[in-house]
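One chain, chain A, links the two complexes that follow: it is found with chain B in the first and with chain C in the second.
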Partner chain A sequence: MATVGRACLILALAVAVYGVGASLYGARMRRREWVDSGRRAVYALAALTTLAFVVLEVAFLRSDFSFVTVTEHSSTTTPTFYRAAAAWSSQEGSLLLWVWLLSLWSSLVLFLTRRKMRDLAPYATAVLLVFGAFFSGLLVFLASPFSTVALAPAEGVGLSPLLRHPSMMIHPPMLYSGYTLFTVPFAFAIGALVVRRVDAEWITATRRFALAAWFFLGVGIVLGARWSYSELGWGGYWAWDPVENASLLPWLTGTAFLHSLMIQERRGMLKVWNASLILATGTLAVLGTFLVRSGILDSIHAFGASTLGTPFVVLIAILVVGSVALVVSRRDALRSEHHLDSLLSREAVFLGNNLVLVGLAFVVFWGTFFPLISEAVTGTKSAVGPPWFDRYTVPLSLVLVLLSGVGPIIAWRRATASNARRNFAAPVGIALAIGVLLAVATDAASRPLALGMFVAAAFVIATVGQELVRGVRARRAMAGGSIPVALVALVRRNRRRYGGYTVHVGMALLFIGVAASSAFQHARDVRLSPGQTATVNGYQVRYDKPTGRIVSRAGRLERIEFGAQLTVTKGGKRVADLHPTRGYYPVNAPFVPISSAFDGESTSEVGMQAGLTKDLWTAVSPDISRLEPIMKRGDQVFRDEGAKLSAQDYVAARSAALGGLVRNYVANPPPATFRIIVSPLVAWIWIGGLIVFTGGLIALWPAPDGARRRATAGYASRVARELGRA
Partner chain B sequence: MDPSRKRKIRLIVALGAAVLLAGALVYTSFSGSTPSLQPSRLTATAQPGQSYELTGKVAAGSVRKDGDRLSFRVQDRKGTTSVPVTYSGAVPDPFREGREVIVTVRKDGSTFVGEKDSLITKCPSKYKAAGQQS
Partner chain C sequence: MDVIAPLLVILVLAGVVWLVATPLRGEWTVARSEREGAEIEGLQAAKEAKYREIRDLELDFRMGKLSEADFRGLDRQLRAEAVDILRRLDAAGAEEQAAHRS
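Now for the complex of A and B:
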């Protein structure tokens, strides 16, 4: 099987290299058959990498330990669900996932545009295939997922237990879908620049891909945050870690691009800006992959030095230099068709939103790469911490949220006083009223930036509410029908617009959650014995009793779990029973059969009561040092006597010994260390995220042809109205 | 005012703001950052009362738990120089001997005291480079 996989990858590399040549030759010589052949090379790449990926997945699902990567990342005790995901937890597997997704998306876009943009499509094909060739090359020469050993080990290392969380199943494919989807508009932008066809056609053709990229990357980021919150045992969801930042960077510039492309489509402005933005986004997507893979920055994820650094640096250098050269050499073709009429116009607000997003991206970029920058400048590697990031990102986000409220309701071209009164009076009034209410009724005023964020978010939600009310009213006046029917019809007529509004509401809610949970969180680390109580923000958390159990899978030890039964009360009333645990995973060490059961990874399962107003979050670190002498004695006994036992008796004796150990812990528990967090409104981060993605889906959903025509007609009449008023 | 002149002024104002922001970024990052050092560099340069970001791996056999307080030694990634570190509070899940850690420390006498919540342990297996076994 491994041979099939290897052959697929070698063929994939050959096909990709051929396709680059065929596309470029076809474009230069204007030979259609060569261009078509280049496009078919992309389809072939997709077929070959699909086959390779299937081979790898099958090996993981069958626990075929003759594959080195299966041995290193999976085991028979790894649950099936996670065995499938383990395929992309390895470096080789994730590179294969990258090129596979790339080839699928590329095939899709080239199929959809096969009769359009005949001049620039071959260049886009070539760019996509260069990425394909690069990653297949890495897989063939540097990181083969199909290296095998002649003598397969009986058991694998297993998937790191930290990754055994449902969101980890989908987090990497989402991120990689986002990264690879961004290469599609990237490639078409390059094609457009090469042939100097810089009207909005390439944007219209690939807009949906940029939106899909933004969508998947966003889902990936939120899932990662969720995983960090519920799995890592520290209670946070964002740490400004380089790898997190790496996924945020293209998302920020991609968000900017999705907004500014509307201005190019409608007014023929910002062409240089749009081209630069999408080139930067594509490059940042590759940079993101590189950061995760190279280990050049100290991060939770990146580990050790990798052999992939140099090829990636070369690729990124080519992308940067090539992008800059293209934009500079085509600057005459990129001249705007219109100029900005007024700073009080939707164009100007969009531009402002773009500048803030790019500013954010720059802050994140600078902070992420600061260790390298400072080493280059001063010779000492220095790092900036989360407070440094917060100092810039908090005010910038505040401005961003405000602008996301202003943008949809300010007029195109030039806003007038009557426009302002008509559109702004109600939302501003509502937001200010909420602000005053919060300042008087709660202690929100003690954190002005958080209060500012609440007000800004209220403003955004109020603007969208106002737009919906007006739209529904107009619709009912025209076509009648009940309110829900009119609402659905309204959204269906202009998915892109109302999808966007939904995204704004979701982001506003998400920011409310972030602001509240970071400004008003109460956290304590305490050491408790059973029966003792700790108080956090008015909640009494009582450590009732310890728990312990052995989890086996298919007759083999998967983990040993120690935990704590907690009762949370407030003012004498019982509010929650929580059960945080910590699982200890074994390593394979036959000479220390007892202590090896605790020598592998260990991971927290948090005990949490999530609610709309606040989360009660607890994690436990049991103190197992008291058990160590007993384990040592057990190891000794098994070393002396174990050889006399039959294999079956040995296994039975070991589980009996481990069972005794667990009972010992439960019977005389030592004090355990707890982290207890009371965090307000965290749930709104996840709810806001879900709403954002719903909005993204609404905007992505293909509009039926008829509806699109009607929406365009409606848009034309609206522009006419607004022009009349201006 | 002549529109092209107005545009020029706007451009200058925008660029000015961008330069100011960039200047602030550069200044605060250089003045507010903590040097990140491996043990051998740390022992040579550490001043009492100053924060450092210590990176390295947890030396084998050095982890002691004393109630709430954890003490261990951090060793150069490639080398044998190590420094003693004490740390209070919850430790990240992947923490163990031989793992790479990042921790913000202050010098206190002959040992280094870890700042609360600053200990980061690198995720060991997920992005492990080929051929490295943990």
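Now for the complex of A and C:
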């Protein structure tokens, strides 16, 4: 089936190139049949990449090791659940996933807008197909997922154990959905600029795609943070790693765009800003893919150096130069229709929020690329660490949270003293009261920035609470009904507004979790022997005994697992039993020595008790150096006697020897190193994330057609009466 | 499998050619007034946005976020802007009809 996959990719490249030509020719010559043909090329691209993706997935699920990528990223011991996801752990597979998702979203948007924006849609189609052609070209010429070998090996290398986590099953598709969805408004912005039609229509038509991109990218980022927290064994959820940052960059500028587009829709303002923001976001989405794929920056997530750097650099250079040239050459068409009425208005707050978000993006960009910048300037590659990022991002985030509370309650156009008093008095009072309470009753005052974040978050939650109470009251006054019924009706009729408010509450909770867990975390690295105890923030953590086992799958050795049984007490009271482990994934090849069992990858499974107020988090690093003399003796025995055994008997004997090694570790445990963390309110990061995405879904969900038509008709007749009187 | 793969490839190729070539087999037309249609579409989008703005303002007023005087002033301004958009829509529609007749 590799032939079919290869043919699909070649056809995908051909059809994408054809589509670019057909769309541009149709647009220039005003020939609709060519424009339609170009649009259909996108549908064909979607069909071809779907078929190619299915072929690759089947190969992974069937463990077809004649495919090189299957051999390198899967094995018979890889669970089926992860075998399906292994396709996108490879460079080739993830590029195929990119172009497949791109073609699906492109098909959807072009189908939905097939009778609209006929002048700019062909250019948008061409841009989307340029991306399609670029990624198809990479897959055909540089990174084919359908490379095969004549003699298939009996076993594959296996999926990296680090990626065997449920989050990792959906993290990459979420990120890539976000990246590829952002190319939709990007392409329509290019189209709008080319034909100088920069009214709000392209924004209205693609707003939902930008929102969906923001949603998926955000879900991907949070899943990545969760994976980092529970799988990487360092105890944090965000390390300012280049690949993490790469996904955050377009999310930040995309968030700014989602706010500022409202101003263009309503007032015809910020056209240059909006066009620049979405062009930057689309470019950053490609840059994000590039960072993961090129290995240009050192990262725990990057997929190593590859040959894809040059084509990506060329594409990004074209995107940057083309975007700047287009915006500059269209500056006359991008002039604002109105000016800012007042600095005390929602427009001004949105502008402030945009500046903070873009400022954050700039800080993240500078810190991420600093190694390359420093190397170019000084010849030495040096990186900036988390403290550098925190110095700038913490105060900016504080201002951002504060503005997300001000935005919903300040009036559009101009806030007067009376409506400011009416809207701000209660939330400000509540936030200050909470601040005073925290300063007096807890040690929050020892960390002023954290305390500031708690106050700002309380302000946001209070403003949204006030909005909901007032909205429900108004709804009940108009239509009656119980409070829950009025609340549901209110949200249903104003999804964008209340979806947005829900997102703000989620972000406030998320930042409470980040501030608390960063400022008030207690962490210790200790070396303990069985029976010894370490104390962290009043918790006594006792290393009771070591654990060890061999985990087999499909009759083959999957991993050797060493761990520890811990008992946590506080004030003499038992609080938790924790069991952190470390798994060693051996190299599964015939006639390998005993000592190679620890040469493969290893992963940490943390022992954790998570709660709403705090997480008790532990990770163990067993000292396996004490096993080395035993392994050396074993290697000697296998060297002398192993040659006399068949491959099957050798594997059985090696498994038995490793079993003995594990028993030895448990019977004579050496001291182990533990990382123990007591971290407050971490759970609120995940709860906040869930609320953010619930809000995103509310805003994304289309209003029922009937309700929308009724609402529009009501206002239309009112304005029409006005027109009759004029 | 050796026979199936090439057959499948030919089938896929035929499907792709059929899909992208179908519009080209019909009668070729030159679109005359994409630009005028575009203006109407832009104004329609502006009209929808303006109605949404009026609706949001009314909700803010009913929620007690605006004083009566603030609401009246802003509502009058928004409706005047909506009327202006409707007038421009009528004018653009009349121009397009005239272009079609000529």
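In the analysis below, the second predicted complex is superposed on the first by the 690 of 726 C-alpha atoms of A that agree within 3 Å, B and C clash if a C-alpha of one lies under 4 Å from a C-alpha of the other, contacts with A are read in each partner's own complex, and residues count from 1 in each chain.
In this section, a contact is a pair of C-beta atoms (placed from the backbone, for glycine too) under 8 Å apart; a residue touches a chain by one contact, two chains touch by 3 or more.
Because the structure is predicted, anything quoted here is derived from the model rather than measured.
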item	value
First, second, both or neither for A:Glu92, with chain B first and chain C second	first
Partner chain(s) touched by A:Arg413 [first = chain B, second = chain C, both, neither]	second
Contacts of A:Ser177 with chain B and chain C, given as first, second, both or neither	neither
First, second, both or neither for A:Leu232, with chain B first and chain C second	first
Interface residues of chain A shared between complexes with chain B and chain C	none
Of all residues in chain B, those that touch chain A in their complex	3, 7, 10, 14, 18, 21-22, 25-26, 28-30, 32-37, 53, 55, 65, 67-68, 88-94, 96, 100, 102, 104, 116-117, 120-130, 132
In the complex, chain A residues that touch chain C	1, 3-4, 7-8, 11, 15, 18-19, 22, 29-34, 36-37, 40-41, 43-44, 47-48, 51, 116-120, 195, 197, 199-201, 204, 265-266, 268, 409, 411-413, 416, 418-419, 422-423, 467, 470-471, 473-474, 477-478, 494, 497, 711-712, 715-716, 718-720, 722-723, 726
Contact footprint of chain B on chain A as seen in their complex	72-73, 89, 91-92, 143, 157, 159-160, 162-163, 232-234, 239, 292-293, 295, 298-307, 339-340, 343, 355, 359, 362-363, 366-367, 370-371, 373-374, 377-378, 380-385, 387-388, 391-392, 525, 527, 582, 601-604, 619, 621, 623, 625, 671, 673, 675
Residues on chain C engaged by chain A in the complex (per definition of touch)	1, 5-6, 8-9, 12-13, 15-16, 19-24, 26, 28-32, 34-35, 37-38, 41-42, 44-46, 48-57, 59-60, 62-67, 70, 74, 77, 79-80, 82-83, 86-87
